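Working notes, beginning with the structure itself.
Think of it as A, B, C and D in the order they're written, each chain with its own count starting at 1.
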Amino acid sequence: MNLRIFDRLESEVRGYIRSFPTIFTKARGAMLWDEDGNRYIDFFAGAGTLNYGHNEPGMKARLLEYLEHDGVVHGLDMATSAKKDFLETFERVILQPRHMRYKVQFPGPTGTNAVEAALKLARQVKGRTNIIAFTNAFHGVTSGALATTGNEKFRSAAGQPLANVQFVPYDGYLEGVDTTELLERMLSDKSSGLDLPAAVIIETVQGEGGVNTARFEWLQRLESICRRHDVLLIVDDIQVGCGRTGTFFSFERAGVSPDIVTLSKSLSGFGLPMSLVLMKPELDIWRPSAHNGTFRGNNLAFVTAREALLRYWTTDDFAREVERKGKMMRLWIEHIASAYPSGQFQARGRGMIQGLASRVAGLPNKIAAAAFKHGVVVETSGAEDDVIKLLPPLTIDTELLADGLYLLEQCVAETLGVRLATSSNVRTLRKTAGGGR
Amino acid sequence: MNLRIFDRLESEVRGYIRSFPTIFTKARGAMLWDEDGNRYIDFFAGAGTLNYGHNEPGMKARLLEYLEHDGVVHGLDMATSAKKDFLETFERVILQPRHMRYKVQFPGPTGTNAVEAALKLARQVKGRTNIIAFTNAFHGVTSGALATTGNEKFRSAAGQPLANVQFVPYDGYLEGVDTTELLERMLSDKSSGLDLPAAVIIETVQGEGGVNTARFEWLQRLESICRRHDVLLIVDDIQVGCGRTGTFFSFERAGVSPDIVTLSKSLSGFGLPMSLVLMKPELDIWRPSAHNGTFRGNNLAFVTAREALLRYWTTDDFAREVERKGKMMRLWIEHIASAYPSGQFQARGRGMIQGLASRVAGLPNKIAAAAFKHGVVVETSGAEDDVIKLLPPLTIDTELLADGLYLLEQCVAETLGVRLATSSNVRTLRKTAGGGR
Amino acid sequence: MNLRIFDRLESEVRGYIRSFPTIFTKARGAMLWDEDGNRYIDFFAGAGTLNYGHNEPGMKARLLEYLEHDGVVHGLDMATSAKKDFLETFERVILQPRHMRYKVQFPGPTGTNAVEAALKLARQVKGRTNIIAFTNAFHGVTSGALATTGNEKFRSAAGQPLANVQFVPYDGYLEGVDTTELLERMLSDKSSGLDLPAAVIIETVQGEGGVNTARFEWLQRLESICRRHDVLLIVDDIQVGCGRTGTFFSFERAGVSPDIVTLSKSLSGFGLPMSLVLMKPELDIWRPSAHNGTFRGNNLAFVTAREALLRYWTTDDFAREVERKGKMMRLWIEHIASAYPSGQFQARGRGMIQGLASRVAGLPNKIAAAAFKHGVVVETSGAEDDVIKLLPPLTIDTELLADGLYLLEQCVAETLGVRLATSSNVRTLRKTAGGGR
Amino acid sequence: MNLRIFDRLESEVRGYIRSFPTIFTKARGAMLWDEDGNRYIDFFAGAGTLNYGHNEPGMKARLLEYLEHDGVVHGLDMATSAKKDFLETFERVILQPRHMRYKVQFPGPTGTNAVEAALKLARQVKGRTNIIAFTNAFHGVTSGALATTGNEKFRSAAGQPLANVQFVPYDGYLEGVDTTELLERMLSDKSSGLDLPAAVIIETVQGEGGVNTARFEWLQRLESICRRHDVLLIVDDIQVGCGRTGTFFSFERAGVSPDIVTLSKSLSGFGLPMSLVLMKPELDIWRPSAHNGTFRGNNLAFVTAREALLRYWTTDDFAREVERKGKMMRLWIEHIASAYPSGQFQARGRGMIQGLASRVAGLPNKIAAAAFKHGVVVETSGAEDDVIKLLPPLTIDTELLADGLYLLEQCVAETLGVRLATSSNVRTLRKTAGGGR
């Protein structure tokens, strides 16, 4: 393993290479291999980009086929057969069964670009500049999206003040306080200083912000505040959409109906850059070409994205599988929290995004570093890196998930300097969570 | 051809599908085919993204190979063999022969993201918020880049004021005035109202803005103004880098040494999303992860990008070929301008980006529409769509280029309602420009 | 009474002339007379500008004297004997007895200018752009001050977004919540989205915002949050300083030590334009002339301001008198609140700024209109004009205060359509509140 | 003379006290006296505030009268007899004879407040945020006005970026270039990056910026550009209005008709804080109270302002007198420029604002310092203090003006270390300029 070219040539801004200092050469499903032939269980999944695992064979087959026939790879936003097929499938498999009426924008292939487009559209529609974002939010780092991102590390890099966004507390931010009450009070009060916003932008689970979860009833209250004050509701489903919490959209069970939705990360299914903005038809006041971009039409991504929908979303089976494995992950976390009190752990999450939060400063990073040595790739999140974020591919085999959790528990025990808890048989958890393949 | 799904489902923001209303199914080199089997000569090249043509066989071979062996497709900015190989090749083939000392940032896979990163870095380095951009500039549409983009169509879509950028006139903007004089005067005058900027950002040829070309000596004067006032010089080489004007970087012959360079579009060589920021090593004050993004590591793009460098940039042959074909294009334009006076045409451009400007309102769009009917894909640019922008793949076969130009001339004549000029034998132009394949 | 010239020539922006539609010709102490010889009791006092009443004879004498001797009226910020005398007296009578170490800036003669200077200084000192202001705050309407003012009426007139200020809830804004906890949480959380501010700006009693009062212990907590996070504390004492709450500065009894204090309104004592910024000496990093203004040196104001200090602030007598009369006003309000339940009244205030809040929409404006007809000038405040703000000159004679309150009670009863409460003998209240002139 | 209290207590921001380090005690007409009995000729006039001199006896008489009768000194913007009388006189003496239809706003008593109100109104009327200002402009230092002020000394004190204003070159900024051409080009070009502004704000002579003078035909071209692009024209006549250039408004002879005019400084005639915004009636879309302020109603200023109008503007005599004395000043400057070549002097100005510019760095400040020692108060202006700005009261006696100019010439000669030019008999100049009192 030789990282010298990176040290010499790549900017100091590089990140994950520091946490996972090796050269990866191959990947399949929930497994990664490096140059030296080491194998890793992937509990990270490209920060939520690889919900269907690496190099899923079905999508790969379609991709090779497309390339071999000289399909159009790049065509800006010209119509191609790949794009047409994707649109038709997305309408038939995702929108129609959910009775959703949305128009689709291809804003450029990254999540941050989708957020930029969503914010622009909201501001244009309402003719207002202000946007409300939430504490600990992450929506991207291009300047418009960055203004809605809470973390000082990203914000201070802007080199200029980030304007026209006001932050209010997310669900659970202040113990014992329903934070929608403050928002309602400030919006109702014409002298609060909170300018009436064009939109509220929210993640139903804050992945980057520390696996904070908004309760469904809280989301409902938020939606009704938006309606009452004529404010658009934008759900940024980039990290926890595409099935991460069980349903395709993370807000389905909450029963809310966002005006605008952003999707990216696992949308292509294969790790290829792609993103979408969904908007209620009546909001589609875009002038032609008013938001452009060279890579709006990443046709390879359209090919795999379509295949992902066909393969995983035509029945409910996949959603049930995610639920089952999510339950297993949760049980494991609760076990850790009760069996290792010195870790001062706490459980967070929904579906297959689960966080093991700790009040012991620095502990999560130590556990994650130990995990890497033991062959598990997992990252921390939260303002102070205070949460281990478990984000395996949704398609991970139950056995492998159990193996990974068991390895992680070993790292927890080792890092805390205590014995492995006797009750820690992850396979037991699996059974409790229900059968599986 | 059935575009109903696009009309029904895709947002009004869609653009090129309106200019080129068909469904493309296949592409190779400088040719595109649609659903109905029609063939098109591509004088557009993905707005400069396909300098090496569609589905270049060498790159395709590498891509298929990589996919077949389950190479890592997505790994954020973890180290992969594909990334390592790209970095080594970029250093060896591009930087070292040019004696360039730059560090490399992968800011996300789009040009606008590269511009965002460049502006952030410049502002951080200098501790100043202001940036100088030029009339008719285009640098992208995410909010930070958008603030440096001149076109009202994009700017007004922001829905908020675009701050901390001041526009000054580009080379040739005012007849008879050396516009660097105004810049120098305003920067020297402490009471001019022009806050000392962190950086100047410039395209050496403004593709989107109407194929405006900055003279080399003007660029040199701009560079020395930057040095004198301790201002960084950013060259946005996204559209005209990667060989478009002949040399790999568009500023090589001008002899200027930008502090920061942005690259994207043709960088991957295959139309895949990828971008880079190059910065002088002493400017690399980034904190780890301070600019992140899910698709920084588009490994498929790294594979083809490396192959493109190996295939086209290890000798000077390709540069000479571009020069020769660029000359041929220029001769054609000059011929058109003199042979069709009623079109009030004017020639613009450098290398293989050439613009046929017209003072007759609406004429360029009419010619481009006629061209599409005759099987040539070409777009217009400029604030008033007043320029036909010729942007064929650099690898286009001379015969095909000649065919395309001949077809275009027919469209010019037809649109103007005049006879084809007798002297208009494009093959003659080719000979004048020198032999070649 | 003929207001036609105002209707014809003065802009629609005019305000108080609409509430008090008559032409005033003469004023003395707490009384005003109009063209038709009607007399009014002044419970408004120039919105807190006339703490010592109209045309106070002592100050008037000094003023006439100064004018008769051709003292310098205008001299920008050149040194004059009037300015020198004021500075010496301010130091001796106000700063030294309170052991306050402040430097003094004359920022222009208006409160909003003082706020502008305070905010600029804070931002320069800390090198940060963000400022924290509070819900319902009013700090002026020039753009910098306006950004810290909560009311939508003023904010929307800006015609541009108001940047670099974040609003947080004032004391009592959310029932049952100590709002400093939210502030502390957001400042401690590096991912809250609340950029570390240069300063917090606060009124200890929000006059314009509805006579909201911050508890002393809450102010102390706010101060310690500021210290902990290296944030400056600015107290805007423009409306409730100069003795309005009893002490010269409104924050004296809270025991807090602001880094910057703004004073204006009653500072000149005579209704003449004048303002000051006080700053801790170590913060005085101003470059010479960096904040200028034509009317920094309103020498007539310096003459009367000095006289006001000499006349009212060399002993504690005046403070005690304010306390006594404030108590009387408070008792009256509490009497009203309990005797007229249909008004849904509530008491607010401190010292001689007392508010009679009502939950009945529109009621306060009706009472104020009735009062004007009965010869009492009083205004409403709050986002919805939901509070009658009692702001008589501090020097008002006890009898006249009693008369005014009695008249006001008649208006309350009349507006509510109920009988005068039998217990409503204001003179009794006066006795309860302690003797006096 | 003892300035210790200022050194100890006044902020470092103090300015003129540094140029004129003495304590002034008395002033009359164009003369000032200090504590030590020294007499000074005032060629500064409160930076244009004392056009009618210090303590003009007629105004003083009215002021004393008003005070003695307990006229209302402060009443916010309630109607008073003093305000009514002023409005009627302003309409009759100023507006009607000039056939001007304007409504009048009292925005607060300072120039910067008038500019703030004007900019707010323009932005509201047009629904656009951008404003165009000119190189070397000065419009005040509160944040909104500051954004239109060019000088870095003031701008950098803001501590935050100054947004929504774009600077373009003033008349004469680039030799040989008609700078309105650049403005026209950028406004016509939809891709110039210059967002369509709500308004252009301009001084017809830039006092603070170095006595730069816009030619009448240039102003006319500017006006027609504004009309063509639906942009408002704001003339800031704060420093050069009220007769400074001869006519009451500085733009009268140019024949332009601004949409909005700001007045302050000499408006009260007596050095008292007062300002006005004039707006065409159709622009008066202000909501009641949307721009407020405690000192909008400085009634003492209304009393003297009315008297000034009655005394100086009911006939043309005063305008002619200004013209005559302005000519005398100009001849003197031209004499200096030709007689003292080593000073590299150049003449600038219009009417009785005349500038003696010098290319010798530091020379103007040295001459001004010498002048103070010789009993002449005069200041420098321009980005580099490169201009001696002559700004005597318009009412200055011809003899005294001649004396002052003679003294100044002595300072010029002395500072340059050369002999007094033989032709330098200022009294001769006076005669050349025509007779007078």
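Worth a mention:
We adopt the following convention: a contact is a pair of C-beta atoms (placed from the backbone, for glycine too) under 8 Å apart; a residue touches a chain by one contact, two chains touch by 3 or more.
For each chain, UniProt lists the protein as follows: A, B, C, D = Diaminobutyrate--2-oxoglutarate transaminase.
Every value quoted in this text rests on a predicted model; they were computed, and no experiment measured them.
Under the contact definition stated at the top, the chains bordering both subunit A and subunit D are B, C. By number of C-beta pairs in contact, B-D leads when B-D and B-C are compared. Our note on geometry: subunit C versus subunit D, Cα centroid distance of 32 Å, whole angstroms.
In terms of their C-alpha centroids, the spacing between subunit B and subunit D amounts to 50 Å. Between subunit B and subunit C, the centres computed from C-alpha atoms are 60 Å apart.
Multi-chain contact residues of subunit C, defined as those touching 2 or more other chains: 129, 153, 160-161, 163-164. Residues 129-130, 133-137, 148-153, 155, 161-167, 169, 173-174, 177, 181-182, 185-186, 189-196, 209-210, 382-384 of subunit A are the ones touching subunit C in the complex. Residues 160-161 of subunit C are the ones that touch subunit B when the two sit in their complex.
Looking at the complex, you find that subunit D touches subunit C at residues 3, 5-6, 9-18, 20-28, 32, 35, 46-47, 49-50, 54-55, 60, 63-64, 67-81, 84, 87-88, 90-91, 103-113, 116-117, 119-124, 127, 129, 140-147, 153-154, 156-161, 163-164, 198, 238, 264-265, 270-273, 277, 279, 284-295, 298, 300.
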